[in-house]
Every structure is written in C-alpha cells, then in structure tokens.
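Consider the two complexes below, in which subunit A is the common component and subunit B and subunit C are the respective partners.
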Partner chain A sequence: MSTVSYDAVIVGGGLAGLTAALRLARSGRKVAVIAKGDPACCLSTGCIDILSGPSGALAALETLPAEHPYRLAGSAKLAEALNFFMETMSSAGLTYHGTATANRKIMTPIGTAKTTGLVPESMRAAWPVAGEPINLVSFTRLKDFFPSYIQARHSNVNLNVFDAGVTSTLAIATRLEEDAFRGHFIDWLASLKLPDGNLYLPAVLGLEEHATVLGEIKATVKREVCEIPTLPPSLPGQRLFRRLKRTLQEQGVDFYWGKEIASIERQKGGAIEAVTLKKSGRSARVEGRAFILASGAFVSGGLYAEQSGNVIETVFNLPAHAPHDRETWFKPGFFERGHGIEAAGVRVDEAFKPLETDYPNLWACGSVLAFSEITKHQCGHGLAIVTGYAAAKSCEEFLA
Partner chain B sequence: MSAEFEHCIRCTLCVENCPVFKVNPAYPGPKQAGPDSERFRLSGEGSVDEWIKLCTQCKRCEVACPYGVNPAETILKAQLKYSDEHGKAPVNLLFANNHYLGILGSLFAPIANLTTKLWITKKFFNLTGIATYLSFPKFYFRSLSKGRGTKNKGGQPKVVFFHGCFLNNNQPALGRAMIELLTGLGIEVVIPRQICCGLPALGNGDKATARRMAKKNTRILTGYIDKGYDVIYACTSCGLTLMHDYPGILEIPGADKLAENVYNIHEYILKLIEDGQIAPEFQPVKRHIAYHVPCHLRAAGQGYPAANLLRRIPELKLTVLDDNCCGLSGSYGFKLKNAPTAIKLGQAAAKAITDSGAEAFISDCGACRMQLGHFSKLPALDPSEILLEALGKAR
Partner chain C sequence: MIKTDVIIIGGGATGCGLARDFGLRGINCCLIEKDDFAAGATGACHGLLHSGGRYVVNDPEAAHECITENTILRRIGKKCVEETEGLFVRLPGDSKVYRDRFLKCCSEVGIVTTVLSPSKARELVPNLNPALEEAILVPDASVDPFRLCMLNAISAQKCGSEILIHHKVVEFIKEKGRLTGIKAQNQFTGEIKEVYGRVIVNATGAWGGKIAKLAGHDVPMSLSKGSLVITNHRLTNLVVNRLRPPSDGDIIVPNEAVCLAGTTSIACADPDEIGVEAREVDVVSHEATQMLPAFGQTRLIRTYTGVRPLLKGGGGDGRSISRGFQIINHGDGLYSILGGKLTTYRLMAEKMADTVMHEVFERDVACRTAELELEGQELLSGYPLSKRLKDLSDIVCECELVTRQDIEGVVQRIGTSYVGDIQHRTRLGMGPCQGGFCSYRAMGVIQEMGQTSVEDSMRSLKDFLQRRFKGVRPALWGDQLREEQLVENIYLSLLNMEQE
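Take a look at the complex of A and B:
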C-alpha cells in the first residue's frame, strides 16, 4: 500500500469541497481532494443561487429557521465567503456579477425567469426589461432546446436559426472555439442586422475559450450577449468547475478522482488518521491531520435512505437526521417546495463540526448538512460556497 | 453478469467528459454507446453500430461517473463483440500485433526508420488505412530488452521493471534514464523478459492475443513478486492494463496478485519518500513545465504522483493540465478513419500546453508525448527526466 500525507483531506469534489480546499490551500496547507466522480455543479446553470427572496439573500437570511446552515455561519461569513468566490473566479478568468443584497432574473430555455444570486458575465443582463425585443439565436436540430417555448411566453421574439452542422451544446461550443468557424458564425450574425434589444443564445459560447468567443460576438453585435442555460451538457457548469479545479491545481492541491473511499482508519483518541481508496489493484491510502466531509446529499451519494426509513451518512457513518415519519418525506406534488426529506443530513454546530460524534478532526459542509432544504430555499451553490468556506475556516484554526 | 450499467441515472457527466463526442458528431457519446445501448445488446442481437469503434477507451467517462457505471468497459465489450462479428481490418491486425512490429522495427532499425519516412511508404500506409499526419516513431537497434538483467544488484528495495513496447523500441534512452533514476535512489532494478501488455490487441478487437500476452506477463512478473520484488511500470496505459484489465476483462489467473504489487514509477518513488525509506535532495530546477496528465493515469485513481513529486523541487513551476485527451490513444489516431478526431483533440490539448507559457511539457505516456510534441512543437519529456535534472543527472 502507498501512503501520501496531507494537512487536510477533503472528501467530495463539488462546489463545497472545492471551496473548502481552496480556502485551506490559500493559507499554505497541503490539501487533497477525493471524489468518486464529477460533481453536480458540472450539470448546473453555473449561476450561484444564494437564497430566494424579493429583497435579496441577505434580507431573507433572517427568515430561515435557526438550525439552517446559513444561520450557523452567520451573515458576516456569508458575505466573506461570497467575496472569496467572486475574487477567485475573476482571477480565474470567469467573472461573476451580483450581490447578496439583491437577487436577479435570468432567462430559462422555456422562457420563464429563474431567480438567482450571482451570475457569470454571459448572464449579466439575461432578462429583458419590459417591452424590449428579444433577439434569439438558436441552432438547427440542437437537442433539448426549443425556441418555441420562449416565443410562446414572450411576444417580441426575433428568432434566427444557424446550422452549426453539429447538434449538441458541447459540440457547438467546441466548433465555436475554432477561429474559422467562429468567424463564419460572427459574419452570419452581423448579416442579420438585428433590431435593438439584447442577443440571447443557448449556452454554447465556448468552454476553454469562452471569454474570447463571448468578447468577439459582443464586439460584433454591440449589445449585451446573453446565454440561456441548457440541459446538460452544460457549458456554464463545466466552466465553473474547470476554472475552480484549475485554480486549486495551481495552488498545489492534489486530486484523487474517480474512486470511492473503501475504509477509514482512526487513532486511539477517535481522530481520523487516513482513508483508503478503492482502485484498480492495490488500495491507495491518503493520510490527513484534518478531514472535511463534502459528499453531497442523496443524488451525490453522501446520504442514503434505507427502506426502513433510516438515513445514513455513507462515508464516516455519522449520525444523520431525518424526519421520523416516512409519510412526511414527500409532498404529493413533485414540484411542490419543501419536501420533508430535504431536511435530512448531518447536524453540525456553528464551527461545522458534526454533532453527537467523537471525531475531533472532522468538519462537514455542503448539501450533506441537515436542514439545508436546498430546493425549498433555492440556496444550492450559495450554501456550498458559504459552508465550504466556513468549515475550512474552522479546520484552519484547528491546524494552526 | 455485471449490471453496473443499470445504475446510470442519465446525468450526462460522462458525455461532458467525452473527448470524441466533442469533436466527432458520428459518435453518440458514452451514455448512449454504453449503458443505453447495453440493454439491446443483452438481448443477444447482432452488433449493428459501427460507431462503437469510435470510442478511444480513454476512460474519462468512468472517472467522471459518480455512480460506478463504467461506460468505457461496457463499450470495450461491445467493441470486442463487434469485431468478432464483423471481422478485423488489416490495420487492426497490424496494430494488435504491435509487439512484433516493434521487434522487427528495432532489429532493422536503420532500414525501418528510412522506410517509414518514404513518400511511397506513406502512400502505402494510407491505402491500408494508416494515418501519416504523425511521423512514425523512430526505432532503435539498442532496445531496452537487449539490456535485460539486474542493475545495481543488492540494492534495496528490489523492483522489476515493466517497460512496455514504446519505451523498449522507440525511447530506449529514456528507459535507461528511468533505470538510472531508480538505481541512483539505491533500488535494485531487474529488466525481465516480457511481452507487450496486450492493450493494443484489446483495443483492436483481438482479445485472444491480449489474453495470451497477459498470461505470459503475469507468469513472469508474479514469479518476481514471489521472490520479494515490486513491479514498476513507466507507461500509464501499460500500467492500467496490468492493474485493471488483467484481473478484469481478461480474467487472467494470478492477476490479482500482480495488480496488488504493481506501481507507477513516480508513485513508487513518492511512496519510498513518504515511508521514509529514501530522502533524495532535489536541487532547484528553474523551469516552467506543463504537465499533460495522461487519461490512463487519471483512470488509475492514484492521484497524480509525478505532480506531487515535482512540487518538491525548488523553483520549478508546474502547470497541471488534466482536462484534455491527446487524441492519439495508442494506435487509435494512427488509423486513417480516426485521424480527423485525433488531430482536433491533439491540437486542443497542445494549445492548452502552449497557452500555459511553459517551455516544455511532461507526460508519463509515450503516445501523449509523441502526439503533443508534434502539435505543440515543444520538448516532450517524461516526469522522470525532470527528477533526474533535480538530482543533478540531467540527460
């Protein structure tokens, strides 16, 4: 068996785990991230939903129940964490806009408005002011994107369709990164002589070369260019994930990707000493002074619900909270807000240490936390960033 | 019957990570090629989808999948089934037997090198379905296998070196440098008799040949393991085949023992340092190096041991790049039909390297080095070469 040691080992490679890892790496810690696969943020809109509410996230914070992870972190840490995220992304070449004091709207592929907190540059103005024409460009046979939904909800849509020769968002984005193809597309855009009003497109404006693609199109059409998030493959989600991951790699963070944790080793006093990874052949052993759990909720596999109604935390077997009566787990309608099961997860204190456990060197963050109720409060990515940051801060105090 | 594919929830993370899907519209991506189509294959129907051969087996889908679905393995089985039912093209037969080509190449090295450069040979290659955008790798008369035996006898610990075909025939000097790196750290190194790991055969639809090679290697290498040796490999694709495919799809008896005791060369050095068995003193290396992480290193799930090691070298600036497949994928890009895909992917991966501003790049896979050296026009090195430089033994 081969062992590598770190100051901190982060279990989970989603937005929460990556934020925690970055916060620790920035203070000079040797950090490893272990993930069994790519995170849900790759599939997301790339927007940061902080907390829904008419007057912005910060104002809505007070209305949350006292046990919500945001309340445990507090408004000061929330602001600090979001600043940390915005600064990180700007220096990574993917600028975000927005604040915790006001929510904003962006266009969805079915023409409705999505409320969110922070948005990438390409969604900065992605909701029309009343009466403004919508110049919509779509692509021939693009899968899962039907402009007629948007036309049905908005009366003033000026639709043009371009044949990119390929039919997936990822393939179009890849073609748009080729100079010749991009030039051809931009010439076509210029020939449209669009009326006033912003330009809307499905989110296909490049992956690695996004800034170039967006910049050149903007320079040609001389107006805001707005991306509409699509079903996966999601380019805005991939951009967010890749930039963040690369920032971590620049900080010297090691990634152990694609394998599950097979076992954990504990010292006499209860502290976690190492985790072992399942891999082809021999196991790899990753040793750490501190561990942060950021394994996600049910879909990511951080939590598991047994037939009996018991909810399990799958990595460290921490006590997990779940509504007692299985009958209360789900509301009758799928799209109803506030399914009971959403409150399930690991309960933590204000330092993000799991309650009722004897692990002195473990913290938890992200959607594995109890009472997060992410879809009810619309706080997914925001919660990941804020709790990841807060857990890392506590962990840093321990390491110091 | 394994049913991992039933765990697929259609999240599309595999598709987002598929290099071929990005650039070749003829390939529907790992979700459709893997779990979605598998249900139909199970019904015992004949293979009809020729696009199944477009998968490069980079295994990025498997690394991305959080649900343990293993799309690449499902696809590999479908590729083998397709080959069995539809027969193999001459180009597949040729590349499946890469090992013997290598022997011939190095035996007649000067003639082979001259021949592969000729216009008429290239024309002939194209006619047989072989792409020539990339120069054929150069052969050397003094291959590694001609220097079999024990180096630094009595050193500790003791390792047996699986060099693979590319290092053996096409970069033997690099192979000798790696051996020097190991012996310089006090390790006894044995170069044993060995045959191709079998991956080219597996990738060209010839499971029987792959099994024959795998059995032979397993017998030789486990013999050394029984005598207290650890097995070290240099090429990440050979390594993944030894660890993953021998006990897995090839079902080789005794392969579990081999898989338990086989290490990537950098993983092994890192392990010795972390265990306190060696303490090499790295001198500053004032260079900016980009690290193109091979897909098959990612797939091994051991992290990036070379990156971890190189970060210990003072003044070395290392840019880790792990989002691109080089596109060559062993013999994949050498096939005329695949060349457009391979070229597009190679150009994108090379651009990531040149955009980083690095003066050279490293990769622990011979195919990645060949392909990206061509497209980036930068020196293509193995991480071992930087380690040697830091130890004052630059090649």
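Take a look at the complex of A and C:
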C-alpha cells in the first residue's frame, strides 16, 4: 500500500470542497481532494444562489436562525468568500457578475424569474421589462425546452428554431464547439436579421469552449446573449465545476477521483491520521494533518436517511442532527418550503468544527451541515462557497 | 343537455362494467366520473385477479364467485390480464391447521391447487424466503384495473353510450318526487352539464354514501382504507400470498416492471380525506420482506391507498366484513350498488343490470358480458420495446420510454390537458422518478399543441405534482429521498414554479 501525505485532505469534490481546497492551496498548503464522482454542482444552473430576499443576500442574513451556517460564518467572511470566488472565476476565464447586496433575476425555461446572487457572463442581462422585445432561439426537438411557455408569459417574443440535428443540450453544446458547425449556426443567426431585443436561448453555448462560442455569437448579433439554464444535467453547472477543478489542478492540488473511503485511521487523541481508499488492486493510503468534510447532503450521498428515521453522516459517522420521526421529514405540500429533513446534517461551531465529537483535526462545510435549509432559503452554491472558505480558514489557522 | 336511458355515476370497474352490460342489452347509458377511470378503490388495490384462495376459508361463496369470474376475465380480457398464477407461501410458524383447511376448502370450491416443495417454489420465484415450509400454487393473476375500466368503457361507447370523465355530480334533478337527472360539473372548466335518464345508478364505491346523501338517502357504509407500496423492480413473476388468515401486508403482485405490495386495514370516515401513513409503509414493507427478503433492499417509488366500499353490518375490522355486494332500490329512480371487489365486478354489473331491466324497463334481456371479448383490446398491443424504441430521440419519459407521439396521440384522442390522464394511458411518469422530470416535458408538449393556456398548464402541472408528492412522501428515505430532492430542486429552484 502506498502512502501520500498532505497538509489537508478534502473529502468531497463539490463547490464547497473545491473552494476549501483552493483556499488552502493558495496559502501554499499541500492539498488532496477525494471524490466519489462528479458533484451535484454539475446538475445545477451554474448560478450562485446566495440567499433569497428582496434587498439582496447580505440584508437577508440577519433573518436567518442563529444556527444557520451563514450566521456561524458571519457577514464579513461571507463577503470575503464571495470575492475570493469572483476573483478565482474571473482569472479562470469564466467571469461571474453580481454582489451580495442585490439579488438578480434570470429567465427560467418556463418563462418565470428565478432569483439568484451571482451569474455567469451568459446570464448577466437585466430581467426584461414588460413588453421588452425578446428574441428567442430554440432547437428542433430539444426535449427539455418548450418555447411556448416563454411565449405565453412574455408579450413580445420573436421565436426562431434551429435544427442542430441532435436533441440534447450536451450534444448541441458539443456541436457548437466544432468550428464549421458554429459557423453555420452563426450564419443562420445573422440571416435572421433580428429586431431589437436581447437574444435568449437554452444553455447550450459550449462546454470547455464556452467563452469562444459566446464571444463569437455576441460579436455577430451585437446585443446581450442570454442563456436559459435547463433541467439537469445543465451545462452552466458543468462549466463552473470543470473550470474550478482545472484551476485546482493548476494550483497543484491532487485529486483522487472516483474513489470512496474504505477505512479511517485515528490517533490516540482522536485525530484522523489517514484514510484508505477503496480501489481495485493496490489500495491507497492518504495521510493528512487536517481533514475537511465536504461530502454534500442526500443527493450527493454525504447524508443518508434510513427508514427507521435516523440520518447517517456517511464518511466519518459523525453525529447527525435530524427530526426523529419520518412523518415530520416532509410537509404535506410539494410546493411548501422548509421541509424538516432540510435541516438535517452535521452541527458545527463557529470554526466549522463538528460538535459533540472528538476529532481535533476535522472541519465540515457545504450542504452536509445541519440547519442549511437550502431550498427554503435558496442558498445552495453560496453556502458551499462561504462555508468552504470559512472551514478552510479555520483549518489554515490550525495548520499554521 | 344529454338524454339517456341510464345514468351511471362512477367510472370504476363496477360503473364501467355496468355501462358495457347495459350497452350489450341495447340500453343507452351516460357514465359520469369525477376524476379519471379507476380513480377510486378500483385503481387503488393490488390489481389482483383473485383465484378465491384469499377468501376460501372464511367466505367460500365469495371464493366461488372469484374463481368463476377469474376464468371469465382471462377469456374476455386477455390484454388486461397477465396470467401470472399465484403462490400461497407458508413460512416457519404459520399454522399447518390453516393450511389443511385451505386445501380442503379450495377443493370444495373448485380452486385447483398444487402443493410445491420449497425448492420447486423457489424455482418459480427465486426471491422467496429460503426458510419457507412449502407453497401452494393457485390460479391467481394480475389485472390492470385502468385498462379493464377503459375497455369496458370503449365497449359501452361502441354501443352508443356516452362517457364523461372529470365530471362531478353536484346535484340531483327531482321532478314530482322522482330523480330524473343530474347536474355534472366539468372539473377543469367548471361548466355544468345536465343529464336526464329514466334511472340513475350510484356505482361510486366508497363515495356511495356521499352520493346517496346528495339524493337525500342514508346508506350505511363501513369504510376501511388499505395502503400499498410500489417497488422499483419486479421481484416476482407470480403473485405471492401469505398462507395465513388475511392480515396486513400479505400479498405481493407483479405488474409490468414493478410489484405492488399491501395492504393495511384502518377504519376511516371520509374517502376524500385519506393518505398513507409512515407506519403503514413500515408494516407492509416488513411483512413483504418476510416473504421476499429482497424486498427490504428494494426502493419504494410510491405509495397509495384505497377505501374498501364495504357494507355496514357485522363487526370486526374491514377484512372480516362481507365482501359480497348489495343492491339498494331507493324507490325514487335511484339505485345504489355497494360493496364487492374488483375480481367480481362483472358479476356485480350483471346483477345490477338484471335488476334494472326487470324493474324499470320490464324487459328481461340476457346478459352477454361473459361471452363476448372486451372491445378495444387492439389498442393495447402492450408496450413492446420495439414500439417504444421506434424514435428514441422523441422519448419524453425515459423510465417508461413514452414518446412525444404517444402523448400527442392521447391528447388528440381524448382532448385532455391533464398530465395524469396521459400517465394513466401511457405509463408516463410511472418509473423511479415518478414523473419528476417528464411531467414538465409532457406539459410542454400539451402546451405546444395549443391545447391550453399557460395558466391552465401550470395549474395542471402543479396539481399533478401535488398528487404525485402525496403518493411519494410516505416512502421517502434512502435513494428515493435523494431522487426526490433532485426533483424538488427542479420545480422549486430551477423553475421557480411558486412564482405563479
């Protein structure tokens, strides 16, 4: 068995884990990320929902309950973390726009407005005022996108449909990265002689070459080009994840991808010394001075809800908070926010160290944290970034 | 305004069977159903075409009716019956005395049985508990209640009858002390239709008391709900029953790619105010796991509950009350048919129609429902993979391989704008995500066909999602909970449907 030693080992490759890893790597630490697979972030809109509220996320912060992870981090760290993210993405070539002091609205596939905090370049346009002309482009037989929903809600929609020969968002995005096909699409767009009004289309504008695809289209149509995030898997979410992961690789972070933890070694004082990874053939032992748990909630498998009513933290078996009776996990209404199960997770202190347990070198961040209530507060990616950053900061103090 | 001979209220098996029966005797009907076909107890049961084994010890008469009707339905409804056969499984601790009585009663009633050794039984159902003592093979079968209703309705329509689904009876029309018609309200548009007939039959199952009350009558009923769960796998190819006196969670029925397991029996007051409780799910899954240990590791994709429309009289719980049926002549042009069970729906319809023919039309025309095959079965060529794969790029529901053309076909045929109607007719949304992804798409297809306004689309989609959630919620843990949170994210976060 081979052993590799790190200053910090991050368990989980989602937005929280990657943020924590980057923060530590930037201060010169040797960092590893262990992940079971691509994170739930790839299924997301790619927007950073910080916290819903009419006057922006910061103003809404004090309405949160005291145990909410944002309250534990505090508003200063929240702002610092979001700046860190914006700077990172900007230098990674996937610029984000927005602030914690004002929320924005983006177009959804049913023509409604989704409130969010930070958006990528392709979603930066302001929400159309009533009657503002909308140039909408759709693709033949794209099954997750029905322009009639948007036409029915907005009075001035000019719809054009392009036949890309393929019917999934990923397939269209891949074709748009081919020069010849992209040229053909851009010629078609130019031939439309679009009337005034921004150009809206489902989020298909490339994956790795997104900046090129977006840039060339913008240069042709000479107006804002707005992507509408589609049902999972969603390209803007994948772009975010891939850019961030590449940035980490460039920073020298080691990845153990597609790996699960088989066993944990602890020292006498309770500190984690190393984890062993499940692997065919020789198993790998990953040693760390510090560990950060960023394994996500139920969708990602960091938490598991049992029929008996128990909620399990799946990596370190930390005590997990959850409403005990399964009857109380979900409210009766599908459209009700604040289901009991949303508060489940690992309770931490203000340094993001797990409570009621004795792991002196373990921190936790992201949606595995108790009281996050992400759907209720619409705070998913923001929570990942802020708590990932905050946990890394505490971890850094420990390592120093 | 519609004029007809017989107004039938209720689109379950009894009502649809009655419409066909009358039609074949040359009598016109108008059937009124407030939801879709099979929306009450008909659709909310195991879909078990009983051999009679379940009742044979306590109620040989009911068992005899079952085996007779079982044989008839296999003949007339080939496309809605899957001839699975069934096992009664005796586990360690189950009474041998009951087993002996069971075999003796089956032989008296005429239910063919074969006693199988544990190894023979496990050849038929490899998932059976290896500790079983023995199993008894009986002619149980699996029946699709929705298709059964639809085919009966099609037969009736071919005889000139009218079928109104999504119409709720809101008022009886009375002239000189006699009930001469009803007012029915379209559940989507609110429009009221008047229907007049010479006689009205209340075939509304658990809602029988409510409808009778609307007409000013009191019908004593004893309501008991039975809850079931749906697995995401077909764990057995045969019906599996527990060989013991009827109790909770002792039947598992294969159906298409899944299994249905249940039930419970809990007294209830109002068929409109019922739901599945977590403890019921726990009981059913625990009991099913005794027979098929793999059940314990299987994802439950949905739960549902139905209300047994039993007659009051006799004590005990819902199971010990007679499953026989009763016809009540209210004397003012209204009849009620109450009780019964899915397997014997045709017999109930026959007796009801006999009564009306004799007392109202004073013509004794023979019943023909047992001899003629159900019409419209050519529509149900099943769902062969070749058909589903004919245009992969147009698949809307990935779990059940339902295409855009399938949806468009249903919309054109019945003019609906409700996703639930599409689901019942195509299996859209019956897989592991329960329509989480594809209901949005199906609604989009309907919307693009110009069938509905965006407001109606959203209302319809929300209604579908809420009904879906009611069924999914009691079995949310493990992987099903993971999937649910993804679905929740689509509608509450990505689409922000609440904005409506």
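FYI, the second predicted complex is superposed on the first by the 398 of 400 C-alpha atoms of A that agree within 3 Å, B and C clash if a C-alpha of one lies under 4 Å from a C-alpha of the other, contacts with A are read in each partner's own complex, and residues count from 1 in each chain.
Everything below uses one rule, namely that a residue touches a chain if its C-beta (ideal position, glycine included) is under 8 Å from a C-beta of that chain, and two chains touch if they have at least 3 such contacts.
Quick caveat: nothing in here was measured; it's all calculated off a predicted structure.
S.K.: So, does A:Glu397 touch the first partner subunit B, the second partner subunit C, both, or neither?
M.R.: In the superposition, A:Glu397 contacts neither subunit B nor subunit C.
S.K.: Kindly classify A:Thr167 by the partners it touches after superposition: subunit B alone (first), subunit C alone (second), both, or neither?
M.R.: Both partners, subunit B and subunit C.
S.K.: Based on the superposed arrangement, let me know which partner A:Gly301 touches: subunit B (first), subunit C (second), both, or neither?
M.R.: Both partners.
S.K.: Where does A:Asp196 make contact in the superposed view: on subunit B (first), on subunit C (second), on both, or on neither?
M.R.: Touch status of A:Asp196: no partner.
S.K.: Once the shared chain is lined up, is A:Arg242 touching subunit B (first), subunit C (second), both, or neither of them?
M.R.: First partner only, subunit B.
S.K.: Output check: A:Glu62 vs subunit B and subunit C. Expected answer is one of first, second, both, neither. What do you get?
M.R.: neither
S.K.: Would you check which partner chain A:Pro232 touches, where first means subunit B only, second means subunit C only, and both and neither mean what they say?
M.R.: In the superposition, A:Pro232 contacts both subunit B and subunit C.
S.K.: Touch test for A:Gly380: subunit B only (first), subunit C only (second), both, or neither?
M.R.: It touches subunit C, and subunit B stays clear.
S.K.: Touching A:Leu43 in the superposition: subunit B (first), subunit C (second), both, neither?
M.R.: both
S.K.: Mind sorting out which residues of subunit A both subunit B and subunit C touch, each in its own complex?
M.R.: 43, 167, 231-232, 234, 299, 301
S.K.: Which of the residues in subunit A come into contact with subunit B in the complex?
M.R.: 2-5, 32, 35-40, 42-43, 165-168, 170-171, 174, 177, 208, 231-234, 238, 242, 246, 249-250, 252, 254-260, 277-282, 284, 299-301
S.K.: If you look only at subunit A, which of its residues touch subunit C in the complex?
M.R.: These residues of subunit A touch subunit C: 43, 45, 49, 108-115, 141, 143-146, 148-149, 152-153, 167, 229, 231-232, 234, 297-299, 301, 304-307, 325-327, 329-330, 332-335, 337, 341, 375, 378, 380.
S.K.: Under the touch definition given earlier, write down the residues of subunit C that touch subunit A in their complex.
M.R.: 275, 277-278, 282, 285, 393-396, 404, 437, 440-441, 444-445, 447-448, 450, 453-454, 457-458, 462, 465-466, 468-470, 473, 476-478, 481-482, 485-486, 488-500
S.K.: Please output the residues of subunit B touching subunit A within their complex, sorted ascending.
M.R.: Touching subunit A from subunit B are residues 9, 11-13, 15-17, 21-23, 25, 29, 62-68, 240, 242-244, 247-248, 258-263, 267-268, 270-271, 274-275, 298-305, 307-308, 311, 319-320, 322-323, 348, 352.
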